[in-house]
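Same chain, two partners: chain A is paired with chain B first, then with chain C.
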Partner chain A sequence: MQNFMMNLQSIFPEVLMTIFGLIMVVLDVMTSKEKKSMVGYFGIAFLLIVALLTNPQLGGKYLGFNNMLMWDNFSYVFFVIFALAYTLTTLGSVEYLKDKGILKGEFYTLMFFSILGMMFMVSAFDLTIFYVGLETMAIAMYVLAGFNKNEMRSSEAGVKYFIIGAFSSAMLLFGMTYVYGATGSLNYIQIAEVLKSGMIADNMTVKIGLILMLTGFAFKISAVPFHMWAPDVYQGAPTPAAGFMTVAPKAAAFAALIRFVYIALEPASGLWVPLFSILAVLTMTYGNLVALAQTNVKRMLAYSAISHAGYMMIGLVAMNPEGYRAIALYSLIYVFMNIGAFTLLGILKNKGMVEDERLESFSGLAKKNPLYALGMLIFMFSLAGIPPLAGFIGKFQIFMAAMKADMIWLAVIGALNSALACYYYMRVTIYMYFNEPEYEVDATVGRSAFITSFIGAAMVLFVGFFPAVFINFVKHLLV
Partner chain B sequence: MQHILSLLIFFPLAAALFILIFFRKGKSSMWAAFIASVIEFIISIPLMANFDKSEAGMQFVEKAWWIKSIGVQYFLGVDGISILMVFLTTLLTMIAILGSFTYIQKRQKEFYIAMLVLETGMIGTFLALDFFLFYIFWEAMLIPMYLIIGVWGGKRRVYAAVKFFIYTLAGSVLMMLAIIALYYTHGQITGNYTFDVLKITEQYGMYTQGFQMVVFAVFFLGFAIKVPMFPLHTWLPDAHVEAPTAGSVILAGVLLKMGTYGMLRFCLPMTPYAAIKLMPFVAALSVIAIIYGALVAMVQKDIKKLVAYSSVSHMGFVTLGIYALNQAGIEGGILQMFNHGIITGALFLLIGLIYERTHTREIADYGGIAASVPVYATIFLVFTMASIGLPSMGAFIGEFLVLVGAFAAFSDWAILAAIGVIFSAVYMLWMFQRVLYQSLNKRWENLADMNLREVIYIFPLLIIVFWVGMYPETFQSYMHASVIKLVEHMNTAAVAMQ
Partner chain C sequence: MLTLAHYLVLSAIIFSIGVAGVLIRRNLIVMFMSLELMLNAVNINLAAFSSYLQQMTGQIFIVFVMAVAAAEAAVGLALFISLFRNKQTINADEINTMRG
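Our next item is the complex of A and B:
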């Protein structure tokens, strides 16, 4: 009986999510065509309920189903990150989708179910569970990327994402079979035990398997050189979906990766730490250098998302609790600044305040619409990591973790990269503030989109001034 | 009096928010910002009056947890080294705002908001005693200054603003890592993980020589860019020339001082081994800056650029004095920081107000304007002389003390530095002659002289220049105790080294 209760508690949040998700499907059918946004708003309410009901007590761990599924603080914090991403995206998307004529309930249902997949990914203590979660998330994401089927770019993004996603999933799966073959288990804890016994330390099978798996992961977190899909997908996808995709799936992939490498591969750290250190350097540097050359703001943000994955990887290879806490904090902050930036970008473009996403069209935005320009300025400087904005707090924690692990060289490269990155974020502000407008435009922006960017900007400022709130939220995390 | 430092930091920010929300028109927000800056200046007066000059340590200390889990405090305090800088900041901000009334014609409201936010950042930097807090203020200052240069600047403003930003940022990101390294090293030694500047400084004896060298080098780089020291000064002429008058005043008057302040507060006491070892190296760089800055200033065609290069030269004196590591040198350095802020600030204001009338800064375009603007010419002459270091005026005392200190520490470099004083007479007097004397350029026959507002904002600076020149003790008395303590600290460290 006790066993049953434990199992139930470990899967309770996912069960709740499934039920609510199904309710959303029903709601979608019941609402009229103009009121599809209600589906999205209900989703927010559902997420709030789940968040309130499933908060594990401090240090509470519910490990169920023969050590396959874990609900603890770690899972919960990442769930909150996904929920916030959903909330902000939903609020910001209604107007965008309406303008594009694709306001459908599926948009929200898919996002909702993708969160279910992410929860399984993060909670998994077993590779099968992880894989099922990954696919649940990924399939929803493919559809979201190609959601605007009237637009070539969006469809292209969907197909591209699907093909590369399927390819990387296959690679992951292929690697898993090798690991299973060598260790005889799919469970993280048991894999760790087998690896720890040292019997197969030099076993080629395990090495090949792990490298394949890690490559699959690298695809998912868009680490260079496995990033080729990311810019096209982020640029092509409907802007709110792109904002969501740069944040939530990435956070989920990082969280799952953290669980996997810190628990299962802890004994094999000699293998993956150098590998990911190199990837981190490549990802940061490449992402930043290419972003420098972009003239399209959306594409620039896509490359900036790649470089941010690079910073987060520093936290991963630090191999200490500070490292993954920093990643959680970073993801949390990233939700506000990146979705805020994407939402602003989406509404600015749709309302014709910027003609397209070219840098030049941002000229003189500060004159045309001072409030939105100020919002964009805050997001840009926060992404660049300039204090007192939230982005700095995240970066600072990442670098602290690296310094604690004595990975000074990595911290130095990261710091120099963030100075380099500053330029392309600044360039947006240059156009907005220092140049004269190219043309006049008179537009009003609806309430919901305004609220999203306002929440984002306010949170970025708030966390900058009172970082303790967020830091305390993640400080007890343990994998 | 308990929270006077917090009040000083956050009053301008609150005023900026107030203006942002409640004011619509440029004119009214201009007056509101001016009143706010006057109030801010008035707040700094009781701070000066109640400052205990015999106390060497921190005063008016405020301490509270900010991020407890990683040991970050909201920790403020003022001592003899920083108090003059705070006074300088509140004074110059007030004057710079008054000086922008007619200069700033577009987006006035935003300009004054940026100025007030900038003031918060500057005062915070001087008062913060927690590394994390210090770093936040240090960087946060960049954004308003970047906007001030970029939006209200001259023709090449974008280039100048970006250069200013990237230079300073590149210097300070590595500083962030050095701060983290200090945090962990100090934590490992004492078991107390904190960003407290005073506590980290206390343990200087425990840091290995190699570690001190690295930390010193990184901090020094960050501060030297800000000062700016040769060869990291290239951002300065661009930023100065393109910035609006108020921006130049604040940049020269306060922002440059942050570099030297940082050296005094962090580089010397925290890593004394490295500071003592590298003393000759820094002295050499300072002397190069003094002479190089002066030589380059000589050949400038643009008045503002000339004054900008003269800043490089004058700040060379400050660093020379600081790294002499004796009482005369350091006091001279601090006094010179103060003087330079006042004098160069005044010079930029004077250049700005004539630029408003003529719309040119080319020296060749002027000539003989003393005939049409006698009041202006007189005041300009006073500040030119002050800048050269004429006795009875501020800069003389500062430079004299610096040279006294430098002679004791490294006499060869001091001799070379003294030559720099002569050069400064050459470029300043030559410029003055070409602009105000010689035959009158017909274009400027009807040039309007300074009006009442302009006289009012120059006047306090005029008084201070003579005050420091005649009776420097008023200002020096603030720093004696703290400087003696710092020098003793360095001597103890030097003894321990042997």
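Our next item is the complex of A and C:
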């Protein structure tokens, strides 16, 4: 009986999410065609209920099903990150989808179910659970990328994401089978025990398996040189979906990776730490350098998303609790600034204020619509990591974690990279504020999109000036 | 007598064929078939290890892999159809509206 209660507590949030997700499917059928946004708003309410009901008390750990599933503070903080990403995306997407004529309930249901998959990924203590969670998330994401089926670019993004995503999960799986064969278990704790007993770390089977697995992970977090799908997918996908995709799945992949490498691969850290340090440097540098050359702002943001994955990888290789706490904080901040920027971009484009997301069409936006130009300015400054905005706090924590792990060279490369990144973020603001408008346009923006960008900008400022609130939120995280 | 090594070599060969197929072939349907080949190599590996280790875990994993592969097929083919409706092609080389 004791065991049953423990199992139930460990899976309770996921069970709730499944029930609510199914209710959303029913709601989708019941609402009339113009009111499909209600499905999304109900999703926000459901997420709020789950967040309120499942908060584990400080230090509470519910490990169930033969050590396969864990619900603790770490899972909860990442759940909150996904829920915030969903909330902001939903609010920002209603108007965009209406303008494009694709306002359907499925958009929200898919996002909701993808969050369920992400929760399983983060809570997994077993490779089976992790894999099923990963695919639940990924399959929903493929559909979201190709959601606007009347538009060539969206279909293209969906197909590309699907091929590369399935390819990388097959790679990940093949690596898992070797790890399973060599260690005789799929459970993180047992894998760690076998690796700790020595010998096996020199075993060729384990090495091949781990390298294949880490390659699969690198695809998922869009680390260079496994990033080539990311710019196309983020550019082609409907803008709100792209904003969601740059944030939530990446946070989930990082969280799952943290659990896996900190628990299962802790004894084999000599193998993966050098590998990921190199990948982190490559990812930051390549993402920033290519973003410099972009003339399309949405594609530039896609490359900036790659470079941000590079910063987060620094926290991963730091191999200390500060490292993964910094990643959690960074993901949280990234939700506000990136979804805010993507929402603004989508709205501005749909209303004809910028044409085809070209950089030049941002000229004189400050005169056309000062409020939105100010919002964009805040997001760009925050992404660039200029104090006192939120992005700075995130980067600062990551670099501090690297310093603490005696990886000063990595922190230095990261800092140099964020200086480099300033150039292309600033370029957008320069176009907005110092250039004359190319053309006049008269447009009004609806309420919900305004609320999203307002929340995003307000949170970016709030975290920037009062970082303690958010740092306390992640301070006690333990894997 | 078939040993574990035989199965591992077989699955490695099938997996390599799958990887090569995805990288070389340009027809999306054939690329997708190659992906399924990769997943089947995974299943062979799991079954071989599971029988070698005298454990059920691997075989249970196979069921999950198969279920996910089926779900993936449904979504993938739907995406190919929506692409085909837009562009009348499923050649991967012609899907190049986005560059840079």
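In this section, the second predicted complex is superposed on the first by the 479 of 479 C-alpha atoms of A that agree within 3 Å, B and C clash if a C-alpha of one lies under 4 Å from a C-alpha of the other, contacts with A are read in each partner's own complex, and residues count from 1 in each chain.
By our rule, contacts are C-beta pairs under 8 Å (C-beta built on N, C-alpha and C of every residue); 3 or more make two chains touch, one makes a residue touch a chain.
Keep in mind the model is a prediction, meaning the values are calculated, not measured.
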item	value
Fit or clash - chain C, chain B, common chain A	fit
Chain B versus chain C as contact partner of A:R299, first or second or both or neither	second
Which superposed partner A:F392 touches (first chain B, second chain C, both, neither)	first
First, second, both or neither for A:E135, with chain B first and chain C second	second
Which of chain B and chain C A:L416 touches, first, second, both or neither	first
Which partner, chain B or chain C, touches more chain A residues	C
Following superposition on chain A: angle at chain A, chain B versus chain C, Cα, nearest 10°	140
Partner chain(s) touched by A:F381 [first = chain B, second = chain C, both, neither]	first
Touched partner set for A:F12, first chain B, second chain C, both or neither	neither
Shortest CA-CA distance between chain B and chain C [superposed frame, angstrom]	25
On chain A, the residue positions that both chain B and chain C contact, one per complex	none
Parts of chain A lying in touch with chain B, wherever the complex brings them together	366, 370, 381, 386-388, 392, 396, 399-400, 403-404, 408, 411-412, 415-416, 418-419, 422-423, 426, 430, 433-434, 467-468, 471-472, 475
Chain C - residues contacting chain A, complex	8, 11, 15, 18, 22, 28, 31-32, 35, 38-39, 41-42, 45-46, 48-49, 52-53, 55, 57-58, 60-61, 64-65, 68, 71-72, 75-76, 78-80, 82-83, 85-87, 92, 95, 97-98, 100
Residues of chain A defined as touching chain C within the complex	127-128, 131-132, 135, 139, 142-143, 146, 149-153, 155-160, 162-163, 166-167, 170-171, 173-174, 176-178, 180-181, 184-186, 231-232, 235-236, 293-294, 296, 299
Touching residues on chain B, where the partner in the complex is chain A	65-70, 110, 132, 135-136, 139-140, 142-143, 146-147, 150-151, 157-158, 161-162, 165-166, 169-170, 173-174, 176-177, 180-181, 183-184
